[in-house]
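To keep things clear, I will list the structure first and then write my remarks on it.
We call the chains A, B, C and D, going by the order they appear; numbering starts again at 1 in every chain.
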């Protein structure tokens, strides 16, 4: 139970950690000051959530590891985030498409997590939900602007959506920890979110005059710690200080 | 003496290490198969040299640190390479210009280092000189091809040369370790290479129909371990495995 | 308007300022007042925006989650400052695009301090402590400057900057009380940022232009050298307190002046950086211009989308 | 040529091959022979080139200088293999640009194994040991294939591949004898690369096309299933030797066959990857196409420069 709960928390937290890190990369390099502020803010929200989760995970693990140890001192194969969130900021369309495809899930997930029997998780969910509701509005708006903007932006957004689409299915894969936590009334049954997810996503894509991809093939592996080649580079940066200066306080 | 010799070796070796790392990044991403092979080969040469230097440095230090410890486990502020070699591969013009501006120096430097009273350094210099002579030919040829190629390539090469030019002066700055080693007949007096350097560089630039930059302002700091913001990211990758898996053999 | 009328207006204008009344965007103002304010406020705004880059450089590598969150929040604040300073400029009839154009072409300046690289994590501490510290000294007097929008923006900016300054100093405290490696890192950062921070307060009074006029308009209340002295007197004890050494062998308490004497500033370096030849000038502009040009298609799309939406609304209304 | 003449030439051609004579580029050959060889050799060349990417991914992060040098040398060899395989193709009257075009458009295939990500350093060991191991088993017979340039290229390729294979195995030995973390890393890499390596030897005989013709032309000497069995029988003891476990619960020594029985291969995964939907297909093509398109201005410049040089020479000659 303890082990499953710990893993379950990491599965949630790692998504926000890696996505937050990706958003943090953009700081000062966005297409406008307003988007820079918004992206920094979203990154900030995500890292805030991350801290709550890892602090809780640290308590559950009870082996003296701190939130930073858990966030920054695991091996790549031990990060449990979905592949979607680690995809790079190729351009602003990728950034927004990645965010949108995660936000819709994130919102549905947290809505359910609020009902968790685990009161800490439920409380984090409630607090995070307000933030994620804003994230979802922000990224959806950009899907619409870019999808139903100029020919160039539409093409770029379609390319991004097509590329990232194959990473959406993994959001609804159940891990062993998931199953155990669902049966305890603690975890969310992600398989049940799938329909609402695609229905919401598809309606926004349609409104944005974008084509809904028809791929039958999807990628997976992140939840088992098998990541894309982008992940390693992200981690070299995330972990650098903790690795280079071990056991220090900052 | 020992301390100065150690630092003197690092000053030489770190240039090849960082430049080799930059060339290694390109592997499989070059503009043609032939350039891919050449760049990989150059990277290989440089790392070969690097190993000889650090093995020697390890002997001089005599504190049990291996070549890998010295190469990969220092702090950023302890790397003594010139700023020139850490500049990124913005495009192939930058890559070749950076290489050319270093190769011309490297060739002159090693030619002198062959005469060092330190027989190990003299031997490494003699061995490396053959390789560097090829590097210089390769990069000079590309300066000519791109400089005297199309309008687009000329403009790109000029931009790269203009940008990197401000990093050339540092090559001829003497450090304390330099001065000490010169007085021992071990080190090369780099200040004496300056004239031959600019004469060679300028003649190739002219032949390549490129404008010789006229900047009065130059950048420095690398030799004192104060690097540009690119260096930190390069090191996160270079050091990752040694940091993440300390004290292991590979 | 006749020359006399203008003179009259100018006189009334100067009297209003002398009475500490705020000038508002719709009020009449001399053209030079307008231009000077656009120049100074936009320079300030640009500094906030360019200033995001050296700190942004450490977001992905912050050593702890707590520090990462604080750094993100700080950089976000800077973007916010930029935003309302640009807005204040816009009230004077210049567009944000024009302001960016001035920055990107090199016509407009930004604070030279941001042309130094952030080499280690301790630089995040040093920037907060020293750079924001010097900025506050520059800016506090502006909270009561004559131009209303600028004064009001400054009240908010200063409040946040002073929070940043404490946060930076706190990073330094932690490092100075940490392991020997951490203490070295803190000292090294202080060594590198000290002199550029002193230069941030501007050229010596002898070489400073615009000063008299600025004093009258309350854009300036003290001379650069006075501000510099204030900064030094305030900062040296802070360094002492945490056991760090100011990298100036000539620094000495002057009992008579009740102030610190200090060594000579390398003004050659100052002018080199101001003229665009600092360690990071090119990189900073490359990053800003790159973001702007790379984002053009995004801004175009947003515009096109808004127009389409507008058209749809109008059609529905018919 | 009359139909009879063609038949006659074809007969002589088949007889030459049967006598183990080499076919050279200038010799007459059936169009199908030419096409089949272009297809197979270019597929092989493309595999070398795309194969540089998963290993190139670890060059900047290799754990020691010695390993970094060895990895660079290996990737350089692969580029070299690509180079002479493309040259061998070119002897059959197709240009390198056309071959690249086929790769980039997805018309030409490359080995599916390179569509898996290299997740840890141990993957450098597993690729050398397993992927190069399987490649050698595929390629050794080609050293005596009928088309001269291909056979000669293969002699050199196999020699180098076998060096790479030993090098990869040596990485695994070191890890398997290392710390528990290193041993885990090695086992994990074996777990991830085992099945894709088995698939590398091609679909089961039942689903394999081209086989009969290829046998006759000595492009193939054994069936895919035979090669796969050979690979397994060779590799399992190597895993045993260093204490790693093949991730196949059905793997069992069959005393009667004097060979290993093994579990069922997930052919759905195989076909998914072949059809372009593997974990890294899109990324690999993006990298190759990106390099090619991004390098166009460089190649154009080199061409323009060469022309200018030529013109100058001609002018001087006048």
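What we mean here is this: contacts are C-beta pairs under 8 Å (C-beta built on N, C-alpha and C of every residue); 3 or more make two chains touch, one makes a residue touch a chain.
Here is each chain with its UniProt name: A, B = Ring-1,2-phenylacetyl-CoA epoxidase subunit PaaC; C, D = Ring-1,2-phenylacetyl-CoA epoxidase subunit PaaA.
Everything quoted here is computed from the prediction, not taken from an experiment.
Peer 1: Provide the labels of all chains in contact with chain B and in contact with chain C.
Peer 2: A
Peer 1: So which one's got more C-beta contacts, A-C or A-D?
Peer 2: More C-beta contacts join the chains of A-C.
Peer 1: Centroid of chain C to centroid of chain D, CA atoms only: how many Å?
Peer 2: 58
Peer 1: Taking each chain's centre as the mean of its CA atoms, how far is chain A from chain D in angstrom?
Peer 2: The computed centroid separation for chain A versus chain D comes out at 37 Å.
Peer 1: Cα centroid separation between chain A and chain B, in whole Å?
Peer 2: 41
Peer 1: When you check chain D against every other chain, which residues touch at least two of them?
Peer 2: 61, 181
Peer 1: Where does chain B touch two or more other chains at once, residue-wise?
Peer 2: 75, 232, 236-237, 240
Peer 1: Draw the chains as dots and join the ones that touch; what shape do you get: line, ring, star, complete or other?
Peer 2: other
Peer 1: Which two-chain combinations touch?
Peer 2: A-B, A-C, A-D, B-C, B-D
Peer 1: With touch defined as at the start, can you tell me which chain B residues reach chain C in the complex?
Peer 2: Within the complex, chain B touches chain C at residues 75-77, 163, 166, 215, 217, 219, 221, 226-229, 232, 236.
Peer 1: Considering only the defined contacts, which chain B positions touch chain A in the complex?
Peer 2: 75, 232-233, 235-237, 239-240, 243-244
Peer 1: In the complex of these two chains, what residues of chain D are touching chain A?
Peer 2: Counting only chain D, the residues touching chain A are 54, 57, 61, 117-120, 181, 188, 192, 272, 275, 277, 279-280, 282-283.
Peer 1: If you look only at chain C, which of its residues touch chain A in the complex?
Peer 2: Touch list, chain C to chain A: 49, 52-53, 56, 59-69, 72-73, 75-76, 79-80, 82-83, 86, 121, 171, 174-175, 178-179, 181-182, 287, 290-292, 294-302, 304-306, 308.
Peer 1: Provide the residue numbers of chain B that touch chain D in the complex, in ascending order.
Peer 2: Touching chain D: residues 21, 24-25, 27-37, 40-41, 43-44, 47-48, 50-51, 54, 67-68, 71, 91-92, 144-146, 148-150, 152-153, 156, 234, 237-238, 240-242, 245, 248-250 of chain B.
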